[in-house]
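In what follows, subunit A forms one complex with subunit B and a second complex with subunit C.
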Partner chain A sequence: MLHPGAWWIWALGMATAASRTTNLVLLALILAVVALVVAARRGSAPWARGFKYYLYLALIIIAVRVVFRVLLDAGAGTTELFTLPELPLPEAAAGIRIGGLVTAEAVVSAVREGLRLATLIICIGAANVLANPKRLLASVPPALHEVAVAVTVALSVAPQLVVSAQRVNRARRLRGDVGRRTHVLRDIVVPVATDALDRSLMLAAAMDSRGHGRARAVSVATNRAITLSVVVGLGCLCVGTYASLDATLGWALAAPMLGAGLALSGVGLVLSGRRVDITRYRPDPWSWPETAVATCGVLVAGAVFWLAGNDPAAINPSPSQLGWPTAPAIAMCAVLLGALPAVLAPRLPETALPAGRLAHP
Partner chain B sequence: MRTVIAVAGVLAGSLGVLFAAPQAGAAPGPCPGASGVTVVVDFGAFGGGVEVGCAPGDPSTGYAALVGADFDVQGASRSPSFLCRIDGQPDESLDLCIMPPPATAYWSYWIADRGKDWCYSSAGMSGRDPQPGTVEGWSFVRGSGAGGTAAPRSSTFTPVAGGGSTGVDCDAATTATTAAPRATVPRSSVAPGTTPRQAAPAPAGPGVDPGTGVAPGGGQPAAPGATTTTPTVTSQTTTAPSTSAVAGADTTTSSTEPTDGEHSSDGTAPDGDDGDSEGDSEEALSTVTLADSGRSGPGGPLGTALALGTVAAVAAGAVVVNRRRFRVSADALSIEGVSGDGVSGDGIDPTG
Partner chain C sequence: MNGSGTGPGVGAISFRDVTITYDGSDTPTLSGVDLEIPEGELCVVVGSTGSGKSTLLGAINGLVPHFTGGTLAGEVVVGGRHTSDHQPRDLADVVGVVGQDPLAGFVTDVVEDELAYSMEQLGVPADAMRKRVEEMLDLLGLAELRSRALADLSGGQQQRVAIGAALTAQPRILVLDEPTSALDPTAAEEVLAAVTRLVHDLGMTVVMAEHRLERVVQYADMAVTIEPVGPLPAGGVRTVRAGGVAERLAHSELAPPVMQLGRVAGWAEPVLSVREARRAAGDLRERLAGVAPGGPTAPAPETFTGAGTGVDTPGTNGSGVDGPGVNRPAVNLEASGIVVTHGVRGEVVAVSDVDLCLAPGRVHALMGRNGSGKSSLLWALQGSGSRRAGSVALGGVDPGGLSPGDARRLVTLVPQSPTDLLYLTSVGAECRRADSESGADPGTTAAWLEHLVGPVPPESNPRDLSEGQRLALAVAVQLAPDPAVVLLDEPTRGLDHLAKERLGATLTDLAGRGRVVLVATHDVEFVAQWAHDVVLMAEGEVIACGPAGEVIAASAAFAPQVAKVMYPQPWLTVSQVAEALGRGGRR
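Right, the complex of A and B next:
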């Protein structure tokens, strides 16, 4: 059972690599590598079974992108496919075009963008499927505990919905409701949403009864110090981020602001950690498989970033060139590195028994 | 899962139909007659000159007009409707061409009827359909503020009978007026390494210069059989090319064009008033650089087959591993389903 942080670092590394490229072949390879690792190392817990829904979501994203591009702005190209009737707009909206010429280059570029977003989502979905969210909450430092509690409850909504959908489906099949006319809203959406909400409330109550939301009393001065340092730190971070993105202000303002923001926020978080009174029971160890898995993700991200600077035409191909899609061999080898966690991570018991203590050795 | 693979396969197969070679067949210099769209590109921001080409027929968008006039056009990777590079300028040191170019360094789009003033186009290169007989202009703008925009430093050529109209009526006071006509360099449509300008039967024909209001003087072009190697680049004297001469030029230029777009150097800075500039223009035009030598362009079908084969192998591995590990399907009536009703079974146990 791998430390969940390692899986998240790996998945974020793959997502970072995917965000840097629009090469069709490279994105498809990242997708395939992530799917391979998920297939090899996911557990059989219900929260680990929703990966195919992320794939469906990915297809929907690509389709929506292509449809919007075709409808709104698909004229930049030389390979004309067809022409949609153009909707006449007033002169004030001369820069906007609805309908019109549709070229292959524009459609391919929409597919590229859609695939990039889809790969990002699938990487995060893989992290959700591979890393036990409850163990992740247990490994978070006390300073971030309250944030982590809220994030965990929120993260459990998606797998919770999957579980509820499966239960509702099972009940309907046992009742013989499948095959008859279905009112989607009444028969599926409402029961699933109600079930998911009930279970989330049960989870919150269970966590509360175990003391997760309790806070220790600290002095007024500490409270004020916490508030001040967090607020000022966040303000400095905002200013620093804006300055780093703005061309005219530059790094002279951004660097000190970012540094000060990080320092102040860190101080605020450490101080607020004193308010939380928790101990950790049997924390997950971090040993060499975790380091190896995390390193794979970081290496893939670093390699794609370096290649994007070195060979931009291959990693971010020009939209006006339609050609045989390919990726440089070195980029493909770098992405294949990301498949190593499929063998480096410890194997899970391959059983169809219900999840519970048995599935978490 | 199978439907996912099937849909992806169909998409990939249909995309294989669309790999077409770029079109060829443009002529240098402004369009002689009422058909075709004249395209003017001002490389002044990069130290170059003004290049004039003609996109034959009726291009459907400003982008198609640029490509039809034999310019190498590249849009931004993320938003292909934003024009980023023409003939490789600006290069990667100025703009990586991933995001749309900023308002402080971009190619501005101008339209004009022949003989009228340049108007700043309110639509993008893929958003309007240029009329045959009109002139399109592109000029690179640097700097910010209203003073930054500048029309291409070229006239809009003499009007031709039967030419179209852009339909835009812009006030001469509000648009940047055209500068004094500079010597323009017609698009070289000759492969690198070969003798430039095989074509021109009319030595001054393709080398036509902007002549607003200057009466066509000078000698008539030589007989169509003459093969002069370079056109004279003159500034003040103009010669209205006779349609027959230019028609001859058209056919001969198209026969010497290679299928790949070639690029002429951006450093072509023609001398302004040098009448006897045969040598100048020859050395200027013969410095042809292949702008895409630094790019690793799309590979052939073998590369694609290998790459897609790798992807397919990894994906197949994922499917196989998944099938083998979870042999009992996650069906509603399987064991894991029925007994998964308890609190500990559904993954909401907070103690893990």
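Right, the complex of A and C next:
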């Protein structure tokens, strides 16, 4: 089983590459590569099953973007497609236009933007499907342990709510409630929320009884050092970020500030980790398959960035460029590099359900 | 194993003059508790529902009052530590706790990670963790389940994983809150065997709350009963008394059937297990040889055309005023070829080609291990559950084809978790709504509720009621439309002795008025006492169907204690034996 961090680095690399380009061919290729890796290396565990919902979400995003563009601001460009009736608006809304002329350039531009956003979402979805989020949360530094546990518990709540809602719906049929006007809040939300609250209290009691939340005593000096380093580090990070975005101050101020901020925050994180006395049972090792998968993602992102600097017209075609979409061969090869994890990552063992097991009602 | 004379050890529990009062309540839940549980004892906590068992168990590891709130006066010392000074998380290496619902207490997804969770929180080094996990997997028989998802395990396996997860921190004390209530008899035996191995091989102290005493009494060393302080009505202040098992249960109605049999037959020594009872029952069997046991009385079909009452009162069996919809002809429940599947492509078969014919006027019990398809069958019979094939006819009408409102007048089902049916904020509002949606007279539901469980304040929230009261409310709601067929899915889980008696009497009354009653349950003693017929299911098929005396008397897994003691004679309950002895005992 691959360390979840490796999958996330790969997925974020592909997402970064997708965010840098609006070329339809490249975006479609990135999508195809990601889907291929998911199909090849997705396990059969429950958390790995939701990928098709990300695909639906992506389609919805593209459709919504195109519709909004057509309705609101489709006049740029020269190739006319059709004209929608225009809605008259009051004087106050002078800059907005509803309806009117629709051009091909506007539609194609909307499709490109939508596809880019959809690809980003699918990359993140692939990371969620390939890497167990709970194991990722278990890998965080000890200082963030409590936050990670809270997020882990929250992740289990959503499927529980769905199961609870199904049970409550079935019970409502028993009371003859279906078909009449449903007070959704009273009939479904209240029992489900009460059930969720009861279960979370039971879980909290169980975790407390098993030792969750023990803190090791640390000296006063260490506590002061932690507070100081975290506060000053965050301050430096703020100043450095502002300086990097501001044109006049420039990188002379930003770089050292960012460096100092990162260093101090890191020190604070390590020191506060000493307060938490948690060990890990059989942590995932990081060995060459992890490095290889992560490197693939980083290489793809780097290649697309370099090509965007060298050949901007191909990687980010201008809206007036209609005609069949093409992409330089070298860019396509770089993106195909991202498909290597389909063979580099180890195959997951099949965890089959035992034969004849019956679902709980 | 005599518990006296051993000084306080690492695994000893001691309560000194403890009084526990919850916030917002002016009377204490438990008062003046003085209790010493020596190391290495298996202690059973006995008491009716809502009497404070969970409070007592929670006080052992400090959840009461650190987690639940409230005030605890007095001293609780476990393993040498005072719970007033230590939070529950600091006592995790001394006390391990397993709650009523193990699935709700699981933090991770996989068995192995769950076993390791407690050790991770305590900072145990990695190789020690690995060693302890492997030992725990072997000790509890979980070795081939190590990488399975927790939600896929059966009830007994989940319970064992929960026990293992509490034990990897190597506590000396284990606290179990009703560990076998949701389990079928075989799985319950597995869990109890694991627990007794812990006591005998590892010398752990185990404190267990259990309603179904017949399963645990033979293994227990001491019993703690929770009793009212004085002659107060139910809901008053309670205290505890501890002692040997036989001594504490000698005159209690909560005693298991073997002990009651001993009382009835006049044995000198109290017996706790089936084996002891068989040895003592030699001449009882001789006395009763050839005597036929009377069964739970099944009224003849002619007696139920007519006088059913809309408002039921105990003692007047059907002779009250005629209520609405009362001259209902008795219907047969006929089902043939029922197939129920689950899963996206229907790959898991829950019920496989089941034929049933249930006559009115009798209480039928549906038994089988967890996962044998009982719930799926009940839902399919009610009509709301999806049915892949087969037909159901209640007096010729298929409930699946009716609207839910109409189906409700024909057949109702009380589901496994009755709180799913309740969503209003007060008992009175639920009763009024049930009356209006069933077309019954106002006050019908409230009358049923009072008959089942006594007076309940109408402004109380259903979620604040005890288990037995909540179940009674759900049953009352489902009896309001006066249906011809009543189905109940595991109603006896978490009920104490008195509540089970009342439920059994209500079911018998319903059967006597011509309804078809079908109860799915694990509780063997309940079936022996109240059911006329038993249907056994396994792997989705019906494997046996017939009168209770024939089906369960000779079964290894489902026979009640009296049947095991009196084998090969067909006695099922203590009341049958008592009645036969009263009749003279001889032909």
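As a convention for this text, the second predicted complex is superposed on the first by the 265 of 361 C-alpha atoms of A that agree within 3 Å, B and C clash if a C-alpha of one lies under 4 Å from a C-alpha of the other, contacts with A are read in each partner's own complex, and residues count from 1 in each chain.
Just so we're on the same page, a residue touches a chain if its C-beta (ideal position, glycine included) is under 8 Å from a C-beta of that chain, and two chains touch if they have at least 3 such contacts.
In this text the structure is predicted, and so the values were computed from the model without any measurement.
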| item | value |
| --- | --- |
| Which of subunit B and subunit C A:Ala45 touches, first, second, both or neither | both |
| Partner chain in contact with A:Met207 - subunit B first, subunit C second, else both or neither | both |
| First, second, both or neither for A:Ile278, with subunit B first and subunit C second | second |
| Comparing the two partners subunit B and subunit C, which touches a greater set of residues in subunit A | B |
| Touching partner for A:Arg170 - first (subunit B), second (subunit C), both, neither | both |
| Partner chain in contact with A:Gly233 - subunit B first, subunit C second, else both or neither | neither |
| First, second, both or neither for A:Gly75, with subunit B first and subunit C second | first |
| Partner chain(s) touched by A:Lys134 [first = subunit B, second = subunit C, both, neither] | both |
| Contacts of A:Gly268 with subunit B and subunit C, given as first, second, both or neither | neither |
| Contacts of A:Pro341 with subunit B and subunit C, given as first, second, both or neither | neither |
| Residues on subunit A lying within both footprints (that of subunit B and that of subunit C) | 45-46, 132, 134, 167, 170, 173-174, 199, 202-203, 206-207, 210, 212, 353-354, 356-357 |
| List of subunit A residues in touch with subunit C within their complex | 45-46, 132, 134, 152-153, 167-168, 170-171, 173-179, 186-187, 190-191, 194-195, 199, 202-214, 277-282, 351, 353-354, 356-359, 361 |
| Contact set on subunit A toward subunit B in their complex | 22, 25, 28-29, 31-33, 35-36, 38-40, 44-47, 49, 52, 55-56, 59, 73-81, 94-95, 97, 100-101, 103-106, 108-109, 111, 113, 132, 134-135, 138, 156, 159-160, 163, 166-167, 169-170, 173-174, 199, 202-203, 206-207, 210, 212, 247, 311-314, 316-328, 332, 336, 339, 342, 350, 352-357, 360 |
| In the complex with subunit A, residue positions of subunit B that touch it | 1, 4, 7, 11, 15, 18-20, 22-23, 60-61, 63-64, 67, 73-78, 80-81, 92, 96-98, 102, 122-127, 294-301, 303-304, 306-308, 310-312, 314-315, 317-319, 321-322, 325-328, 330, 332-337, 339-352 |
| Of all residues in subunit C, those that touch subunit A in their complex | 61, 63, 66-67, 87-93, 95-97, 99, 101, 104-109, 112-113, 116-126, 129-130, 133, 147-149, 151-152, 165-166, 169, 342-343, 348-350, 371-373, 375-376, 379, 382, 384, 403-405, 407-408, 412-413, 415-417, 419-424, 434, 437-438, 463, 477-478, 489, 539-540 |
